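Chains here go by letter, A, B, C, D and E, matching the order in which they are written, and residues are numbered from 1 within each.
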Amino acid sequence: MNAPANTNSLLERAPVMIRDWIIGFFPESLRWPVGALLAIAAMLAVFGLVFAFLTLAERKLLGRAQNRPGPNRSGLPFFRGTKLFGLTQPFADAVKMLTKEDIVPRAADHLLHFLAPVLVVAFALMTFAVIPYGRQLVAVDIDAGVLYFFAAGAATELAIFMAGWASHNKYSLIGAMRALAQLISYELPLLLSVVPVVMLAGTLSPTKIVEAQANVPGGLIPHWHVFTPWGAVGFAIFMVAALAEANRSPFDLPEGESELVAGHLTEYSGFKYALFFMAEYFGMIGLTGMGATLFLGGWQAPCAFLEFIPSYLWFGVKMLSLILFMMWIRATLLRLRIDQLTRLAWKFLVPLALINLGTAAFWSRTDSWSGPLQFVRWAIALALIVVPFVVIGRRLTAGLAPRTYRYAT
Amino acid sequence: MTAALILIALLILGSTAVAMSLRNLIHSALLLVLSWMGIAAFYLWAGAEFVAFAQVLVYAGAVSMIVLFAVLLTRRSRADLSIAPASLRRAVAGVLAGGATAGVLTLAVLRTNLQIAPSAAPTVTVQQLGLELIGPQVASVLVVGVILTVALLGAVVLAASDRNDGKEDAP
Amino acid sequence: MLGTGIIKGLAVTAKNFVGSFYDPARLVTVEYPEKQIPIPENYRNFPFLVHEGDDPIATLRCVACKICENECPPQCIYIVAERDEKGKVLKKPKIFDIDIAVCMSCQICVEVCPFDAIKMDQHFEIAAGNRFEGLLLHREQLAKPNSYYQKIHPTEAAEVDAMLTAMKARQAAEKSAKAKPAPATQTPPPAA
Amino acid sequence: MTDPEIASPSAFPEPSVLATHSAATVRPVHDEFHGDLLEVSMGPQHPSTHGVFRMVVTLDGEVIVKLKPVFGYLHRNHEKLGENTTYLGSMPYTDRLDYLCSMTNNWAYALAVEKLAGQPVPERAEYVRVILAEMTRLVNHMCLVGFLFNDLGTSFTPLLYAFREREKFIDLFESLSGSRMMCNFQRFGGCRANPSPEWLGAVSKLVDGFPKFLDEYEQLLTGNEILLARTQGVGCLSPELAVQAGITGPMLRASGVGYDIRKADGYGIYPRFDFRVPIGAHGDTYDRYMMRILEMRESVKILQQALRDIPAGPVMDPKSRLRNFRPKPGEAYGRIEGPKGEIGFYLISDGSPNPLRYRVRAPSFVNLTVIEDMCLGRTVADSVVILGSVDIVLGEVDR
Amino acid sequence: MNTLQLCLLISSALFCIGLAGALSRTNTILVLLGIELMLNAANLNFIAFWRFNPAPLPATGVIFVIFAIAVAAAEAAVGLALVIAIYRHQQNIRLQDATRLKG
């Protein structure tokens, strides 16, 4: 990694310095567990707050997109009349959720009903461990980090199934079945879209993947994967599959409100519901964080002269913009049907991801092409993307078109 | 080191034993997921992290899903899920067979003089694994790929519901 | 091509998102207790009784004719006429109750009233703690001055007032024309 | 054109799934939590049954093999009430039938009573009625389309855009009639209030801006691939079945039968206006959705013509009476093309102040009867969308 | 007893639980799961031997386990598809009822 001089600015090093300072109070033998606990505590605090304000951001964004102001009335306790643009809304929600009655249906499987929300949050939190948030900020830097991420992510659906099953409610059960079908369908494109990145970076370690996207000195366009043809397609597929993995609109079938009331959440209330809600946002954070890491250069600044801004802020900006994009999609799109969902995965995303693998191979083989050959390289790569997209897309939407109508006068 | 191993062993064996003796099929399946996770923990303990994550991804992520799907698709009522052994004789026979095998294996393990290496685990990076798979083991990778594809197709053919079939078989 | 429809849709929501920050045609909501949309003049919600003078009960226009009680579709009006000591029915209500929990604001009582005594109110913040007593309005609560009526329905009230003064003038003229002989027989006012 | 023209049946392919799920192959339902078939009671409390409606669906996986609509949760004895109140007293109750389109309900009832009593209506009142009816059509179709999109799984965005525009119309209703939804505006022999020129100007301005809103609205989702996939070919209703079941309104026209009472009866002054009746070709949910969109565009045309031509004058026939209204014995059926279909009132008078028989032909109710035929072989998600595209208001279904 | 032997004992215990389960249960799904467990026990052995090999080869054990996992996944998929086929055929998944190859 070619580290410019200003990368070690005070802000950049601040989190690590604080950690080292606190660890310094402990004897040598305790330093490792204390460091780990600190990392966990910091992550819980930061992402807890991020979650809280993301719920507000989502409601505000949806509100504005729907021509209404969104929550803007919650103020401070004991200060009547303060409004603060509704910034305290998440805390009011938290108080409400915590004080609501926790209802467990009599016929429910009590143990699983209790375990499901706990597990879903636990698995969602586990994914945070391997994401590099900044230059030195990664909780566990393991060699197979990407694999770990998807392994932990896959387990969340298990918890969703448990919730659906334990509730002893037909809507919940259908929701759970949908969740399973959705997971099985979208795990594949998600992984396949990541394979080119792993192939070209030559590693499964998120930190090394980020380093592989370091800026080339003098390069105008950031040296991120998303700015290559295969990277763009991979990123698009990753985002679509991530929407499905996070059960976000237009793939929110497991909890499809208009059909299944609330799917696997139907019989949950109070704090357990809040845990599910939290897990959904944690899932979003994790997936977008991984997406930023794999395709958007992780914590890398877009150009060298912007590197004075701390790396973790860059990471935050990228992650948040991806999350906001997900919310924007939610504000616009409608839900797919379950058969269309699986068809989209198997007949569209998987073939495209496989072809993208070939594109990536071509791209890496032709790395040495330069000059006019560079244009040929781009042309071939784009053709490899656009032609399958159009052909498969046409097959996918065969028979669907806006219609013209006749009139009886 | 050994303490961690014993904990992992307790997790694996305990959850498996309970899973195999439970009456509720869903609980069994979920406990087995726990046991598989314990096995992944064992792999981690042994220093084979790639295998550990692959174990979680494949077993907790995929096999468990298929199992749960199969459970849900093959029951008539919630009561169907509580499954008892067919007969006491069968259960006793099964446990006896298992116990006998266990005895033989334990004896064999304890009687054998096994050399062990120094405590540090052999390091294997993902890159090494990949080179190994693409290099010397490429034939096996291809064979496994073919097996997986055939298995996928076979599973689809077997499980694909043929509505006409159902009509003919209807009593 | 696949995706164009989705992109178009995203553009529309983006346009609305941005528009809601500066375009009043897009951000139409009003924060209610602090701000209120002006109520149109014709707005109606529950009936009230018009009185003329200072004493609300004594100067009610209502003559307890019970037409509104009969015509009211949900039958939410209950009227008992005042009687003097001899038991003779007086032309004023002793009880005039409207159960606004039942009233459906149809305005039929207003339309059928020959004396322009009952009109539709515009006061809608009438939440009450008790749905029986709290929402059963008696004549004391229902009685509101004519000036209030003129304030909330200016156009309508002007017409009504003009008609009433014309009628009074006509009655006075008839009275004087008929001279002294008999005490003035109450001419029924023309139907509205 | 007055005769319903029926498109050739070949244009309506029988959904193949429907055939495979005929009664012969439906397996028996075993118990409450059976493995093969799952019986789910959707409603009466369910987010997308548009009120307290209940569908008992039997599912094979996610595919519906049986659907039993259950209604009556909102029954309020409307027809019996009508027989026990005066003719005028029923008018506010008709507001509450289909509470989204009280103006058309009022008109249909007023039409029936006017037929019964031979009551003429002044010219200006006819224009006002047309204006209000077409505004109601816009309001209703906007609601329907918004709710349909919500059933399709949007997060309220299209619904709130539709409500934003609908609100403007409702404000106009309020400033004319005094109430936003329960207008209670029509009277036998005219209308209750004479709209001022300012009011007509406001309508005119709103109507002229409406196509622009519709364009933006259509841009939002009409061409959306997900919408096409979710609605095209979903819930097909063949024209034969539609005619046999007595389906009316946009739903019938979506099935390809060009029947519109505004053209067929020419009630009021509709023959004076130049407008077209859009006809679908597939009878699926997408056609039903597009019928509404296209009808809104036609309604705008009618409104513009009516607002241009409206004469001055009174809106109430001076000979009509509010009290002691006793039509001579006889019977009458007044019907109009409501936004949801044919809304009709059948009255028998015995000369008393109350009708002897009072009967409502509610389009929501009749259109709902084919819900099972449309849903069989589709998934749960489709059933919700199909129900949404039928456009029911439970106040009218249950009465 | 050294650590390797402990690992082997664990794996043999897991194998025997799987065996006992597969033999004693009649529910096809549980039988399949028992077989899965036996496969997993074998995998434990591979890793244990790899881990404690006095002359370690870089990746043999790991690669063996990877293949074993892949094959086990395939087996699970086919096996459970068979279960569903059996269920469709005889309306239950009791193993002793599945006695016919055809019909």
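To be clear about the criterion, contacts are C-beta pairs under 8 Å (C-beta built on N, C-alpha and C of every residue); 3 or more make two chains touch, one makes a residue touch a chain.
On a predicted model such as this, the values are computed, not experimentally measured, just so you know.
A.B. asks: Using C-alpha centres only, name the chain that sits farthest from chain E.
C.D. replies: Ranked by distance of C-alpha centres from chain E, the top chain is C.
A.B. asks: Any idea whether B-E or A-B has more C-beta pairs in contact?
C.D. replies: It is B-E, judged by the count of C-beta pairs in contact.
A.B. asks: Averaging only over C-alpha atoms, locate the centres of chain B and chain D and give their separation in whole Å.
C.D. replies: 58
A.B. asks: Averaging over Cα atoms per chain, report the distance between chain C and chain D in Å.
C.D. replies: 31
A.B. asks: Whole-Å distance, chain C centre to chain E centre, using C-alpha means?
C.D. replies: That pair's centroid distance is 82 Å.
A.B. asks: Report the inter-centroid distance (CA atoms only) between chain B and chain C in whole Å.
C.D. replies: Chain centroid spacing, chain B to chain C, equals 77 Å.
A.B. asks: Could you list the positions in chain D whose residues touch two or more of the other chains?
C.D. replies: 157, 161, 164, 220-228
A.B. asks: For chain B, write out the residues touching at least two other chains, lowest number first.
C.D. replies: 50, 54, 62, 66, 69, 73-74, 76, 78, 166
A.B. asks: Quick check: what residues of chain C touch more than one other chain, meaning two or more?
C.D. replies: Each of 2-3, 6, 9, 12-13, 16, 26, 28 in chain C touches at least two other chains.
A.B. asks: Mind pulling up the chain B residues that touch chain A in the complex?
C.D. replies: 26-27, 30, 33, 49-50, 53-54, 56-57, 60-62, 64-66, 68-69, 72, 78, 125-127
A.B. asks: Taking the complex as given, what residues does chain D use to touch chain A?
C.D. replies: Counting only chain D, the residues touching chain A are 1, 5, 38, 40, 46-48, 59, 62, 149-157, 160-161, 164, 220-230, 232-233, 253, 258, 260, 263, 276-282, 286-287, 290-291, 294, 379-382, 384.
A.B. asks: So in the complex, the part of chain A that touches chain D is made up of which residues?
C.D. replies: It is residues 62, 65-68, 170-171, 173-174, 249-250, 252-253, 256-261, 330-340, 397, 399-403, 405-409 of chain A that touch chain D.
A.B. asks: Can you list the residues on chain D that touch chain C in the complex?
C.D. replies: Touching chain C from chain D are residues 85-86, 88-93, 95-96, 157, 161, 164, 167, 171, 174-179, 182, 184, 192-193, 216, 219-228, 322-323.
A.B. asks: Inside the complex, what are the residues of chain A that reach chain C?
C.D. replies: Touching chain C from chain A are residues 61, 64-69, 72-73, 328-329, 331-333, 389-390, 393-394, 396-397.
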